[in-house]
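Take a look at the structures below.
The two complexes that follow have chain A in common; it is paired with chain B in the first and with chain C in the second.
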Partner chain A sequence: MTTTSRALAPGQVRTAEGVLGEWGALLAVARKEWLYVRRYPSWVISLLIWPVIFPLAYILSARALSGPDQSGLALFIARTGISDYLGFIAIGTTVWMWQNVVLWGVGFALRNEQWRGTLETNWMAPTWRFTFLLGPSLVHLAQMLIFMLVSAIEFGVFFGVRFNGNPLLVILLIAVSAPSVYGLGIAFASVVVWLKEAHNFVQMVRGLVMIFCGISFPIALLPGWMQEVAVFLPQTYMMRAIRSAALANATLSDLMPDIIALLGFGAFFLAAGYILFQWTERRARRAGAIGQY
Partner chain B sequence: MSEWAIEAENLVKKFPRKADSAENGSNGAQSGAGKKFWPFGKKKEMTYFTAVDGVNLQIRQGEIFGLLGPNGAGKSTTIRMLCTLLEPTSGTARVNGFDILKEPTQVRQSLGTVLAGERSIYWKLTARENLEYFAALYHIPPAVAKKRAQELLERFELAARADDLVEKFSTGMRQRVAISKALVANPPILLLDEPTLGLDPQAARKVRELIAELKAAGHTILLTTHYMEEADQLSDRIGIIDQGKIIALDTPARLKERIGQKDVIRLEIAGWHEDLSRRLQEVGGVENLVSRRLEGEAMAEVTLHAENSRAVLPGILDRVNYNGTRLVNMNIVRPSLEDVFISLTGKALRD
Partner chain C sequence: MAVKTFPLPVITWRTHLNALLMVAKKDWQHFWRYPLNAFSSLLHPLIWLTPVYFMGQAFSVDGKAHGFAAYSGTTDYISFVLVGMVLNNYVNTVFWNIGFAMKWDMDSGVLESNWLTPAARPILLIGRTLTSLLVTTLLSAALLLVAGLLFGFRPTGDVLAAALAMLPLLIGLYGFGIAFAALVLLMRDANSVVDMTSYLVSVFSGQQFPAQSLPRWLMPVSLILPLTYGYDAVRGLLLNTRTLLPIPVEVGMMTIFMGLMIWLGLRVFNQIERKVRQRGTLGQH
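Moving on to the complex of A and B:
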């Protein structure tokens, strides 16, 4: 295509080719998502309330069960090596919340476009179609980083949690966890375009993470077969590594096995998400289901 | 470069459906038996609904080609296959020289499409944000996109409201944003699917003027519509589609010449009842009678064709002015595309 004419004839338009053009498309999708987030500002209320409300039930249960003199905590410390059970619960619930919100947010990104009536319009553009999932994932990750920061502040203010570990290590762990969290979200998004709903799947994954990964208790308490299931869930590694980094002063070398596992899970879930996306997209194109409600 | 902007070769689209829904009937073309389907327990016959049935099209560069047919005739399905949203069951098409199956990205780069319905743009974005967003999807650099968006906003008389959210726009303004969006990458070919559907007459006229301007600017336009006047007014050539098949294809004038030897009689009858339709068709020389209810149950507009209107009118008047029914209005009119459609299918476009 030409790049010089001032008054362009049909078919003549200045375009950025290849990776640069696709990068511009990705930024545009992310910007559009961000504009939608800004124009529906009620999420800010959730951002402030949920970090306090959600872990409260677990925290109060833990307080009640640890006894008036909190003597029951000794067993907990012996099992986990972490003395701050409030921080332990707060990190568990935050990781759970992260995956939960990704399933609803990224998992329903394409479905939301179907509801708006705009999915077909996007699909008719020469953009790499996976970009329409990567863009919302970027915005969502930014939102979740804000959510985690607000959570950390509120845990300190309301529950007296003190994160005494290396914050850079925590950030690194969030970064290596993101591919598996968002890979699962992208896989969900593909299923949702195909099946039109995935509420039951979301409930199932939330339940798995809640019970098997130990959001409020050490998984050593689980029966043996449940611990074996936990080994196959990346959230188990996320919770363990972030708790160790934030509350038990773990070093990078201590965390390396979990980091490698998380990168492995990330590669698997992103690849699975991409393959599932390609498969369901083709299926929807054959069935004429791309624009259907 | 090929003379043809769009070439479709024996394009077929079949949708599978369960036997139950097939038996209930639909506005589709036909259904055929297929393989077994397993609906949780007992096996049912899978049938296929043929939405597009062997469409062949050759659209010249720079022409407006109208695809005219009633709802459910296969117009939108054809458009969706051409713009790569839908995979054909068999056959293929070339758009701007690119194969829709083998080179879908190049096809999408060559096309600007406006699908039916007003929700194809983002209502929570402004008109300008919409255009800049879609420009980026076509890999247009931001600085060029900003300039292009401004040009389009001015050209489509949207500049004054460019930074308002689209949700505050009228339906006609939204349609102009949607057409601007289709033009943002300056594609050589435009697919416009029912572009005036749901618009008030003034907004529809404005859109039709824009379409004529786009042709003058050199764009090839494939226009689908079920408004015969629109197809007649805008199209260089028209393909009439019914039940997934192109049943006639020519210039509007030549299509109308096909029935030019016949008189078209249009009657408005008060006290209409369906039995009168049968009685009128019994009059010798009456052909292709179709009726449409007007203003409630008791009024109908009846169109019929005859070799010689003078010969059939006495018989018609005898039957109309009888037993409580009466003639309110009568015209002998020039054949329209609707009459062409009636003569080809025996039914009205609006059925």
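Moving on to the complex of A and C:
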């Protein structure tokens, strides 16, 4: 049996009614995802605890490296020009956690449907199939915004981090970063459908962020070839721009080069995600492998 | 008609040993069935180590962390962290893997049938760690070699004494691992809690920094964990670091911990396992 595609035929235009229908489908998928989230409320515990405990290892290590007389910290400040190493680490680890959670969450959205045995039946619904990835991404984005807010409050309460920059600029930077983060997640989700087992690839991608983007150190400390790799990763720009906006009072014009780079990365990853999704869909339908797990 | 009789199997130490080796052999085959996992197991610690290394460099002069030395007694930060990482691999293998292995058996639907064999249950549990311990040893040796080449690893103390000091710590952890396995039998899932607890235990027992450097209000958390003294003693012997207590005292504490945990672990396991069998929930997941 073949499933019917909702791709528009050449010359065919989506009607207003059709667009409204797609919007309804998107909301329905997002609502279904939200029901899953509510069904397993243990994520609330993770939401409250991980923002504190993940940076803790780096923060306490930095404290140990500073020494009781702060001589190590003086070296760090002289080398990096950054006095607030707590805020520096807190922002770096939060960006890393954001990408990590998106890879596991959005990246496995279709794969989870395969496990549950519902992907094939959903696929037959007369709607745009990309909706099945956009819906979970919306819910996920809402969860991550709460996560970031909780993180910012907890960093202040537990570690004494003071974000003295412009909060509107930080929100803008999160908004321009989101397409890159979720574009990568969507591309990943498409690949996972035919790779099936992708845990090692998640480790690899998040490992790249951890090694090259400077979650706990300035990338100026990396050897030249590693700095060249870092230039091609959007998380490098996210960490630098958010740190500058939140900790160093950078202005919009200071941040413009990073914002433009992030928008470029966002467009690239979203396009790559969509193309990969379409390719995966065609490949899976031809091979009849969409329901296999 | 002649009645054919079959003797009941006689359970001896030899049969126990056979069961132990068979469980280990099965795990060994399973591990190598997915060779990418083996590669990933080596790569993963290197990935975690890299930002720690560069962060250490930011606080150091010519690779020597003098601020760190004021707490730990060594300027060699990366060797300190590497030893912590290798020890943590062993701790995870024994501490948590017994329970996780049982969860995998539950999910695969083989736990109940394994339980029906005439092998002692603790043997089945310990058998699940033999392959992990061997793999951990191989991977740790590879990690020390690769990380040593990339970042530098310079043990200045007695390697054999450090390895011997690890033994009571590891054996004691078996007791905890067996008790944890019993909890998994009862709860049938504990993933998110375990994830957070194992991370916190590794942070506070001093995997990446000495307990002496913790803020005063957090130090008691580290000092009540027996693992802290195990890590401390091994580093003291291997890297000549400044220890919290004299090394013989720390090793003595580990030996007492070993006896206590084995007794407690087996007792908890026996009680919970009986309860689970009475409730008939062994096959559920």
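In the analysis below, the second predicted complex is superposed on the first by the 272 of 293 C-alpha atoms of A that agree within 3 Å, B and C clash if a C-alpha of one lies under 4 Å from a C-alpha of the other, contacts with A are read in each partner's own complex, and residues count from 1 in each chain.
Just so we're on the same page, a residue touches a chain if its C-beta (ideal position, glycine included) is under 8 Å from a C-beta of that chain, and two chains touch if they have at least 3 such contacts.
If you're wondering where the values come from, they're calculated on a predicted model, not measured in any experiment.
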First (chain B), second (chain C), both or neither touched by A:Arg162: neither
A:Ala287 touches, of chain B and chain C: first, second, both or neither? first
Which superposed partner A:Asp69 touches (first chain B, second chain C, both, neither): second
Partner chain in contact with A:Ser46 - chain B first, chain C second, else both or neither: second
Which superposed partner A:Leu221 touches (first chain B, second chain C, both, neither): second
Intersection of chain A interface sets (partners chain B, chain C): none
Chain A - residues contacting chain B, complex: 8-17, 20-22, 24-25, 27-29, 31-32, 35-36, 39-40, 116-118, 120-127, 282, 285-288, 290-291
Residues of chain C defined as touching chain A within the complex: 36-37, 39-40, 43-44, 47-48, 50-52, 54-61, 65-72, 77, 192, 196, 199-200, 202-203, 207-210, 213-215
Chain C contact footprint on chain A (complex, rising order): 42, 45-46, 49-50, 53-54, 56-58, 60-73, 75-76, 79-80, 199-200, 203-204, 207, 210-211, 214-218, 221-222
Residues of chain B touching chain A in the complex: 13, 15, 77, 80, 83-87, 96, 105-106, 108-111, 113, 115, 117, 119-125, 129, 132-134, 136-142, 144, 148, 165, 181, 185-189, 217-220
